[in-house]
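There's a structure below that I have some questions on.
Per-chain residue numbering starts at 1, and chain names A, B and C are given in the order in which the chains are listed.
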Amino acid sequence: MSELKKIIFKSEAEMPSSPVSRAGTLANLTGSWRYLRPRYEEKLSPCIAACPAGERVEAWLRLLEDERYAEAWHLIKSVNPFPRVCGRVCFHPCETECNRGQYDRPIAIHALERFVADRARADDKGRPPSARKTGKSVGIVGSGPAGLTCAYHLARRGHSVTVYEAEAELGGMLRYGIPAYRLPKAVLDEEIEDIIMLGIDVHTNTRVEDIESLRRRHAAFFVATGFGESNRLQIPGEEGEGVLTALEFLRNTNSGCSVEPMGRVVVIGGGNAAIDAARTALRLGGHPTVLYRRSRAEMPAYAPEVEEAEREGVSVHFLTQPVEIVRESGRVVLVECVLNRLGEPDATGRKQPIAIPGSSSLIEADTVIIAAGERPGEYPLQIGSIPDSKAEESGQSKHGKFRNGIFVGGDLTEPRRTVAHAIGSGRRAAMQIDKFLGGSGEDPASYLDGDVVRFESLNLDYFPHKPRVRLPMLPLREREKNFGEIGLGISPQSAAEEADRCFHCGVCVACDNCSVFCPDIVVRKSSDGTYSIDYDYCKGCGICVHECPRNAMSIDEEIRT
Amino acid sequence: MKKVIMGNHAVSHAVRLARTQVVAAYPITPQTQIVEELSNMCAEGKLRAKFIKVESEHSAMACCIGAAAAGSRAFTATSSQGLALMHELLHWAAGARLPVVLAEVNRALAPGWNIWTEQTDSLAQRDTGWLQFYCTSNQEILDSILIAFRVAEEVSLPAMVVYDAFYLSHTYEAVDIPEQEPVDAFLPPYEPSVKLDVDNPMAFGSLTTPEYYMEMRHKIEEATERVHEVLPTTYEEFGRIFGREYKAVEPYRCDGADLILATSGTVSSTAQLVIETLRERGMRVGGLNIRMFRPFPARAVREALGRCKKVAVLDRNISFGQGGIFAQELKSALCNEPHRPQVFGFIAGLGGRDITPASIEEVILTADKLDAPEREIEWIGLKT
Amino acid sequence: MDGNFAFSRNPAHTGSGAMIEIRFHGRGGQGAVVAAKILADAFFREGKHVQSFPAFGVERRGAPVTAFTRIDHAPILIRCNIYQPDIVVVLDPTILNETDVTGGLKQGGMIILNAPRKETGIQRLEQFLVATVDATAIAVRHGLGTNTNPIVNTAILGSFARATGVVGIESVLASIREGVPKGPEENAAAAREAYEHTQELTTISEKR
């Protein structure tokens, strides 16, 4: 680079005939004019930030777009051992946060996850990566999504893992809480099998009574025993035959225990367990009615599931609160209710139900299923996983608590009790344990830090409107009296088209816009598809940043010394 | 070889003979056949030029500027609205000192929509820094293109060869189309001292501050003035090689004339007939064909008109509010003369209205019978 | 040069004096403009100064078209339309009903008319010399254009050479061969046939 030399003409005769710089322009470092400095800065897609399991959604969508199915599957699996499960049962907060939702409709991420995982499973069972054995052993109490995810990650890092499960089969709530029409048992079995294949020692029908007694076997423990106990309504008639909790009911159905003839079923509660119980009762030939004490807007159950339940024939009574279960000769015959109105919001932000005096009504019932929420119960305390009796403290840490190598996670610590949250909890706990055992503890989802791309920061000129993929579902008449899966999956073509709708918020996809629009031709593309800016000549106009469709660039004030 | 060809094709042959390297143009009536024929010549291999199809006249001139900056001999052609659209880049070509040659077929500007001849389109570009030559025959068109390239390249300024729509553009007459060899002798390859070169990058047309801009303008003016020296010797050399004589200003039977009719373009041709007839009738009348408009040949005009009493200027153009443009230029050339003639300005033939021998005679007789102009502009043939 | 026709017997037309101005009337697509140019070229071959141009305007197929040719022994300086032609060439007989083809035609001037048969319209032309030829039939016979839209311009030029006697048929044929976009021999043959079948209307001749 030659030095910029100021040329001074003393007379017209010295001047050229037209303004031509014979020295060339490279000496003129126009970058010195710059007040703003553009740079490549990838940001966090909202789908990734929103994924409780920590999946790098945008990235595997891009692989899917290119039909690189195996790579997409491996990328998901690097974080989440349950993509087939999640593709079916996760309530996909990723889609709620998807920026495309503010443009037309969000990407159908859950359907694509299911597509990738089902297809990969069909193509290739996937050989587990062989890690060097560390010689360290970890005991995991509870085989729900948190426990199995933790086991999966620890095993992949070479630790010996033993899983203790009180029930006869692995899976926890995935197996005993979720009905088969949402999650077929074969799908669950196959994903669990993939985890166990990593060399995990399994002890089913084994209820751990005291962690300290296992100290000699394991250097660390992960306790994820979930919320095993159900709340009761505390109303007359609740005790006795004909009344059971949603957990009991679903567990009986899912473990194949015989269920009594259903008749008129009254389900009390507004959560997902209530809806699952009602729809299960329907499939067993019952006539379910759901009673919820607030209105539809306050209902904690996932709205599309509620709508599906109603389409199938479940009737839902809102602002209806049972006050007594009336029995005749011990048999349940009626549920007496009062009607509520909604008052001021309570501490949870939901409007308080207030009984309307004299509004009593009676609903005929043969069976009552109580779905009034769950709690951890005394079990985690009893086995010594929590140092004191203040159970609520367990909810304060996202990363699990540990004392002398005892880590706690899953529903016991997560603010929201969903499958995806449990998976995320299991992964984070595994990293803590790995570090505790002398490993790196490096999180495969380390990308989760970063600024989330807001819808307003995208350049929508580059995105044509395109309809969201239609998700085929089992026709209503084919759902009667069977537990066949309702969601039917999508074709490879639909999957590719749907993945193609992704904005790739905050992520460079090498679209060349920055390079094409740069008026100074200072954006260079290297052979690996990444770009660089020649700051010697970049004037800082910011066009590259503006024309980046997906906000993968930033611009800052130039700092000069 | 002499052939009967249309005026537009005379241009095409000249561009071919000049071994033009880049042609970029957008079609517009009445210029279209120039470019059609050049396109044929390129397709048939008779002209080894890069033929660039463009989406507008603005782009056509931009291409020529780029081509000339890279050291190519560049040509374009247009008319009327097309020339108006080029306006910005006409300035650029001159400021960048690029010897682009443009064939401009005079056509009236819209509205009203009109495809017929009028000089206002080219004369409106008088301050862009382009040399301008107006033609009276198809032969002169061909010769002027060759001369324009030669002079333009010599002084590093662009040049416009201008002629009437239809009266020349679509009119067939015999034209002597020279052989390649004498043209090559007359017009050597274009070799600029500075040119755009990817292996040796340079900045062209860069920022020029008040400290230097004025000197750059002065240089353009000096180069333009140099045409007065370069053109006569070029005409002389052309005459030696091709046997046809030209001058920037051509007097016709001006000896002892009391009244001289100044014209340009094809009107100069018809005017000779009228002057001949009137001379036969004993009238002391002469004619002056102004071939070069920029730079304006003020000295030659003063020499030709210095001794007559009256000058009638017939303008097929108008600058609203100040009359015919040639009349203005003539007045301006004469105003400091101690014995200056009366100048009578006439407007005729706008938008292609025919200028017949009778209308030219009317101009001369009107000027003859008045002692001094009664008004700035006399309109000829106006429906009243 | 054929001396049988009245126009060529007039020394004003064949001597070295005046300019000859010719006007062509046709319809867009019949080739009137090309005919005017080919005729100029033929005269040019014989050492004349020539000028040929269309009536300047916007042309459409089927619309009346006018074209001009000037011939002189001296360089042609005049550059305006022709208002008083010496000869008028009419390529399409039906145009007589729309256009005053004799407008400005000099006394004793000549009209060369493509007339498949005797037309009543010809009566209006009686103060001029009129030569006719069935150029349409000839053009069809030689496959020029289509049966419904025959291109008659070259046939009428053969007739022009015969009727006026001011240009040689060989010059005309040479210019036709070089000047038509396609079918040089067919066009030349049509011109020659027209040359041989041109008739001077006897009624007119008798009147004179």
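Note that in this section a residue touches a chain if its C-beta (ideal position, glycine included) is under 8 Å from a C-beta of that chain, and two chains touch if they have at least 3 such contacts.
Protein identities per chain, from UniProt: A = FAD-binding protein; B = Pyruvate ferredoxin oxidoreductase.
Just so it is clear, the model here is predicted, and its values are computed rather than measured.
Think of the whole protein's Cα atoms as having one middle point; the chain whose own Cα middle lies nearest to it is B.
Ranked by the number of C-beta pairs in contact, the top chain pair here is B-C.
For this pair, chain A (FAD-binding protein) with chain C, the centres built from the Cα atoms lie 92 Å apart. Per-chain Cα centroids separate chain A (FAD-binding protein) from chain B by 78 Å. The centroid of the Cα atoms in chain B and the matching centroid in chain C are 36 Å apart. Within the complex, the chain B residues that touch chain A (FAD-binding protein) are 95-97, 156, 194, 200-208, 212, 215-216, 218-219, 223. Put simply, chain B touches chain C in their complex at residues 2, 4, 115-116, 136, 164-168, 170-174, 266-267, 269-270, 272-273, 352, 354-357. By the touch criterion stated above, chain A (FAD-binding protein) contacts chain B in their complex at residues 9, 12, 15-26, 28.
By the touch criterion stated above, chain C contacts chain B in their complex at residues 36-37, 40-41, 44, 49-54, 56, 58, 76-81, 83.
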